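In what follows, chain A forms one complex with chain B and a second complex with chain C.
Take a look at the complex of A and B:
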């Protein structure tokens, strides 16, 4: 008897737990649904009141935020890093008058959740946040509200038309409102400056000078200190799509197998000789930068911020190098959308309004390494790291030879396959040392198939096409 | 004892020693090899755990230092503190614990009787039943994600702890059934029959004879169910939104966080299951000492 006394105790305990969990479960849905419908009603009322005050005050800035917007579940793929998430929820969303539950999920579960909620007809999410490329599955299934009236209301915020157009996803409906932007820039350790080739300006490098610099560092230190984020979760596909390809060929797709592309790959093979062999495992360049393994690199601003934030005196951020066709760079755009059947649509609209105020946009920049999409002057008291990033981003986009290269537009479900063409090409040419022309011919067939399936016309900086974009 | 005998003995002694020494050497060599193997295996497990722990309590700067120091110096609770105080860590840890315990209970309550039946009774379709149990593991849960969430939404189980526990139970059951059935097989049937002849019912024979002997094994099966639930990410991620378990809450975000936070998070994820195993270890050792033998 004594022997299985502990088991008895444990089982009793578990039975109690189980019962209590079941009890919660049966009672909870009713209660939450009631609460949800109550908040929706409240949300609708308050926003109406909000709109009235806006009209009265004439200033659209914080009026909507002043009325309580109720409970809002915001599902997002962005700000997954713990520090960013904390900073955003505790220091940005807390000034919103309403209870926002910011839930971050990776792209897969994020898409699945919305698709299942819509299928079951029980939508719990009121606001969606994601990158440009996260929205197509919802648009294909017609699950997003048209936010054209809201966009018109936010006209005075000064969101650039190119960004708003991206949010239309090639239709005439405003599917998402721009939320924040980022990009990729060059970062280097100040110790590397002594090896900068004569006559080169670190803020205006060409790709050849970039390679010579990496070579000089290797010669001087005996170590390969150039880092490329070519790890499993590294964003080197974007460096190919938005930086090297456009800088050499003037586009992301059409010149995929052109003579200039061959020249680019030959260059990259050459550059790879000076890259740290650990590059195939790098995902966030801030880590090898901080450990001193890498002195020179290019990566997403959010993946460099830790290094410049913790040691602003050691690291410098600068625009990416330029090629024959210009300083190609890729702006990364995140947006906010409202799913059809959202339990608190009015609250979500009020939240979008709040997020797009200059003050909130600046606050967001303070917390995370993303930058405003509205007209907002960054204050002088920003943290040195953020300030350095903002300066590099501004220098990059305002360079006289700047060539903005957009994230793929209209690829939908083919997004992953499109990226794979670039990463496969990289693996075959750089890591497996296969013949450049053969690989480009092979991958061109795959790329054209992908683009035909997606029926995606060319996007900037490739010249517009009538049918699906194709490699020439 | 005669002198002759003594001489003989003395003569014999060196002979035995001579033949014994190589045997002894061989034995100590084997023993030595065993120790080396044991130490290597232990280090294999302990070293990463140690480094995670040490790094979780280091300062941010120390993490990027090279060469790395073996001990965190100075000891810092900054990242740990930040991680533990970040939104949702405590509540999701509690969720994980509740889901794990429910999974443990359900899988034992359902799995142990099934295992007992498989071990004691011969019934038509017994073999195909065994196979059927295994086939539930053959379906990758990934392809089920949307149908599963839609069904759960319709039943009102979506985003509830009991819902996650149900899926974890389904995942743990094959293992629990097969493990418990082999445990019950190891308990001699004769003892149970003897109990029946001596006035026990089936139930009391089970509770008085079989259960005490199978308890350590059942505890082991329970641990496996709990650890499976504690570590499961996918189902927990797709079936919850606001009531997430710890891995669902932090695993995705940790892989995108900076190095110091990853160590802190890794430490927090490892410790509970280690503690659980340590507490229940007694039963595990019992199992190896008694039932499995």
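Take a look at the complex of A and C:
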């Protein structure tokens, strides 16, 4: 027996290794994703438990609004952080009359699950949640229901027409109903205020002042405390598309290689000198903000909320800086769609209706760092962090020089390739120090190819085009 | 392992294998013996369904365009991509540096455990703890050690050795980042090599080393001329496994080095997950497969264990 003991130990360890290796494959390289997949598994467990309650529902109640909507599997790319996920399922979805299994997945597995369910002819998901950019693969394969009648029914909710139009993805069908919105704002540690350049207003900065501020912080502290979310899962591509490019060139695409664009990249190279050299691995800026590594940054509201929630007295949120063409900002829009062949289409429609009520929208904002898309007045008793975020978002969108820059419209399957043009340009100019003009010329060719393949006309703030949008 | 058993059998055969054992063999030979095949069946099925089939599928995807036709475009896109050269360079560099270091370290660890000293077993448990940790988690742990406001910098500042934090993970100093990744990877994955080597050491009969000792071999000579040659099959397995796993690592590199140190597996992940271009992702996977195959072939060819070497 004793002889076999070492062998036993070895086998056990190998088994452990194999198991942990299998576990790895599902985990994406951000901490929150790993945690989220754990909740996904938990979600899958509850699916089985809730199945029994369905049959009895519906018939007894007469009023449609009160009818139990039955079992609904809601697959979503959103709310990957455990806290957000729990807050949303326990405090928002619990008031819905029906059993909702909210399952969060990363964009890749999410898309593949739906595509393979449709292929296999057995759809288990009734409702899809995702960002504007998550839907194109489904539309390309014609897998989504047209929700135009539902949108008409929800007309009195006051969803802005721009948002509804985004949900049409450049067609005349309503593919998704807007769910919630967010944006990117500037965040700073109050300790940074002492280095604010004379004459600058932290709420109305220009990009030059923003750089001077970062430089002054470095001079004063000896550390580079400007953070840019340029990690593998960082959202700096949106900062380029929706903030820097439109602020300098007035558009996202057409001015890609214009003299103003060259000026912008020169500025960014200059700014990068004051950026924390770990910016290349930053993903959620709330983390380096909280550790004190970073004092000044711009990021998605949902990726800043933990910092302002946990220490509302230390951190301040403010509108993004402005450039020559205005204060460019990108509203981020999440939407809800129903896949064709959904097992509970009526239930999913009832759920969309429920999610779009002002009360649910306000409740959602309380739980997660996303804001209502319907007409809803935020109450005064919101948590300080959320309140600060709401104020910054409002100040940004209502600034006199505000220049809203929409998420890409009509790119379809080319969405990822479009983003890659920006991240590659960044890598080549900023990290590899290649010549700006050469890189912009190279990448313009790729960009025009991407846009030609997608046949996407220009979207705001670029001027409308006849035919596919092209870099000038 | 079979090689090791030969001398034992050779010793037993003349004395013990008499009339009792032989008829038994004969009887078995008459009927076709299904047992080995039945025992192999589950593993073969498993491999066929979960490895062979997806492998063939990704092979097809790598040469397919969006309309389903045959194309080399994916290879073209992969090779021309900004990150391709770097990814290939860093992946190979990691393997060339990490794997030999791990083998040496693991060998030392395995020899310590195999000494049979009082606390040797305890070390086995301690050293295998990182095996249970996923590479992403390991990456995050090491990130919190190396980062600006991480443990190392806190200690250095407390000791007064530096005023401002040192940027270990700066994009301006890829060598330092590379060293950090190597340290983290050594911590995380040396144990798998060690476990295989410990198993290999345990089956080497003591008689050999004892005989060498009798003939006056020094401990170093015993290690070099007896233990290491006998350990060659285990070393081969450990090298093959470790190198293949090293080709697949990326979460740890992502966590520590972020965007500046692309690796092949990471690029495959990004093309699949972020760009949503399955073709190029499959091409990367195919490249990893080819490199792994080539590497396995090299190990098998050049670490070939001949029976007579052991005799």
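One rule holds in what follows: the second predicted complex is superposed on the first by the 407 of 472 C-alpha atoms of A that agree within 3 Å, B and C clash if a C-alpha of one lies under 4 Å from a C-alpha of the other, contacts with A are read in each partner's own complex, and residues count from 1 in each chain.
The rule is simple: contacts are C-beta pairs under 8 Å (C-beta built on N, C-alpha and C of every residue); 3 or more make two chains touch, one makes a residue touch a chain.
Everything quoted here is computed from the prediction, not taken from an experiment.
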| item | value |
| --- | --- |
| First (chain B), second (chain C), both or neither touched by A:420 | second |
| Contacts of A:90 with chain B and chain C, given as first, second, both or neither | first |
| Touching partner for A:431 - first (chain B), second (chain C), both, neither | second |
| Which of chain B and chain C A:280 touches, first, second, both or neither | second |
| Touched partner set for A:232, first chain B, second chain C, both or neither | second |
| Which superposed partner A:75 touches (first chain B, second chain C, both, neither) | first |
| First, second, both or neither for A:106, with chain B first and chain C second | both |
| Which superposed partner A:292 touches (first chain B, second chain C, both, neither) | both |
| Which of chain B and chain C A:146 touches, first, second, both or neither | neither |
| Overlapping contact positions on chain A, where the chain C interface meets the chain B interface | 7, 13-14, 17, 21, 24, 28-29, 106, 291-292 |
| List of chain C residues in touch with chain A within their complex | 66, 81-83, 124, 128, 131-137, 139-140, 143, 147-149, 163-165, 167, 169-173, 191-192, 195-196, 198-199, 202, 245, 250-251, 254-260, 266, 269-270, 272-277 |
| Residue numbers on chain A that touch chain B, as the complex places them | 3-4, 7, 11, 13-15, 17-18, 21-22, 24-25, 28-29, 73, 75, 80-83, 85-86, 89-90, 101, 103-106, 109, 112-113, 115-117, 119-120, 122, 124-125, 233, 284, 286-287, 290-292, 306, 310 |
| Residues on chain A engaged by chain C in the complex (per definition of touch) | 6-7, 9-10, 13-14, 16-17, 20-21, 23-24, 27-29, 31, 34, 106-108, 111, 137, 221-223, 230-232, 276-282, 288, 291-293, 413, 415-417, 419-420, 424, 427-428, 431-432 |
| Residues of chain B defined as touching chain A within the complex | 60-61, 64, 66, 82-83, 86-87, 98, 101-102, 104-106, 108, 145-146, 149-150, 153-154, 156-163, 165, 207, 211-212, 215, 218-219, 237-238, 241-242, 250, 252-259, 261, 265 |
